[in-house]
Amino acid sequence: MSTILETDGERLLAALGVLLAEKGIASPAEIAERIAITDQASPAQGARMVARAWTDPAFRTLMVEDGTRAAEAMGISLRGMPPLGVLENTPDLHNLVVCTLCSCYPRAVLGYPPFWYKSAAYRARAVRDPRGLIAEWGTVLADGVRVRVVDSTADYRWMVLPMRPAGTEGWSEQLLAGIVREGDMIGVTVPQAT
Amino acid sequence: MCAPIDTEPHVLSEFDKRVDALRAVLSLKGLMTVDELRRGIEEIPEDEYHRLSYYQRWIRSITAILMRKGVITEAELSAALERR
Amino acid sequence: MAAFAPGTTVRVKDDWPESRGPAHIRTPHYLRGMHGRVVRRLGAFANPEDLAFARPAERRSLYHVAFDQPAVWQEGRAGDELLVELFEHWLEPA
């Protein structure tokens, strides 16, 4: 068995695709449909949730208590997906999400994980040197801020609810959502009012 | 391990997206769980693991798991590979 | 299996099933034998150690457990924490 597994990945995929289609297990149409569905998820989904939490205290409470219900309240379906957990940043706590064991990621609200999130370097350093790690993105935390690294080892998928930056008073939800980036919801950066 | 991070975004290739989608379809059909996928990846010999890209590891794991469970046989896979 | 109340100090079992045969374990190596504090119970989920081998999998309680980060790594900033999902059968009262 081992030699055949060393076949080039593209050839394996092509051969598997043909076999599984012939067996009625997975058709090219089903795969294409799945790609299309997955492509609809992106960090914009999570950003909308963050913007809503920043402007609606009741939604913020819901989001922190039950991320899944909060997502569904925003029209994001998590049916068949793992439960969503939300980690709230505060003036003295900064959250950073990692999956040291593989690459677990809240795909329903953030889309595909970034390349760096899946890298051996990120997975190793996040738990060991979180401050040095986020400095790679230029992120420096104020004195007195604790870091909490959340290792996604099991069934939950975690996103960070970052703090609303100063200089955004009176902004609409849409404008606020526009400054929330993927990295802000993982914890490597914090939103900037630019 | 303690290397600088490549913080640049990387676009997913067609291959990446198809492997990702295949895994999701197999899971939806009850043929393979994400746990089996992970275990299959963990079984990849270390030097191979580092040589392969993220989704190359996935397709290797998926292939191994499906063969082990008898969803496909090695003979069928060999024949399909020869057809291409 | 006894439930762990929030605030309980627990120890992650210093066990290495991987050394006894094929295994899929979701308790990170860096936590084995470490002491932590239960934050809350996250719910009950099927045991991934069995799911990974397509075996019937029992539902087990999953806990969020906090660890003092510098204590785990012998380096780091005081007050920094690690928060990790761990299954009940990997935790013992400390």
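By letter and in written order, the chains are A, B and C; residue numbering begins at 1 in each of them.
Note that in this section a residue touches a chain if its C-beta (ideal position, glycine included) is under 8 Å from a C-beta of that chain, and two chains touch if they have at least 3 such contacts.
Everything quoted here is computed from the prediction, not taken from an experiment.
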{"item": "For chain A and chain C, chains touching each", "value": "B"}
{"item": "Most centrally placed chain - per-chain CA mean versus overall CA mean", "value": "A"}
{"item": "Chain A and chain C: spacing of chain centres that average the CA atoms, whole Å", "value": "22"}
{"item": "Chain B and chain C: spacing of chain centres that average the CA atoms, whole Å", "value": "27"}
{"item": "Separation of chain A from chain B, taking each centre as the mean of its C-alpha atoms, in whole Å", "value": "21"}
{"item": "Residue numbers of chain C (touch at least two other chains)", "value": "48"}
{"item": "Sites on chain A at which at least two other chains make contact", "value": "101, 128-129"}
{"item": "For chain B, residues contacting two or more additional chains", "value": "38"}
{"item": "In the complex with chain B, residue positions of chain C that touch it", "value": "22, 24, 48, 51-54"}
{"item": "Touching residues on chain A, where the partner in the complex is chain B", "value": "1, 4-7, 9-20, 23, 25-26, 30-32, 34-35, 38-39, 80, 101-103, 112, 114-116, 118-122, 124-125, 128-129, 133, 136-137, 188"}
{"item": "Contact set on chain B toward chain C in their complex", "value": "33, 35-36, 38-39, 42-43, 69"}
{"item": "Footprint of chain A on chain C - complex, ascending", "value": "26-28, 30, 42-43, 45, 48, 62, 66, 69, 72-73, 75-77, 79-87"}
{"item": "Complex contacts: residues of chain B adjacent to chain A", "value": "1-10, 12, 15, 17-22, 24-26, 28-29, 31, 38, 41, 48, 52-56, 59-60, 62-64, 66-67, 71-72, 74, 76-78, 80-81, 83-84"}
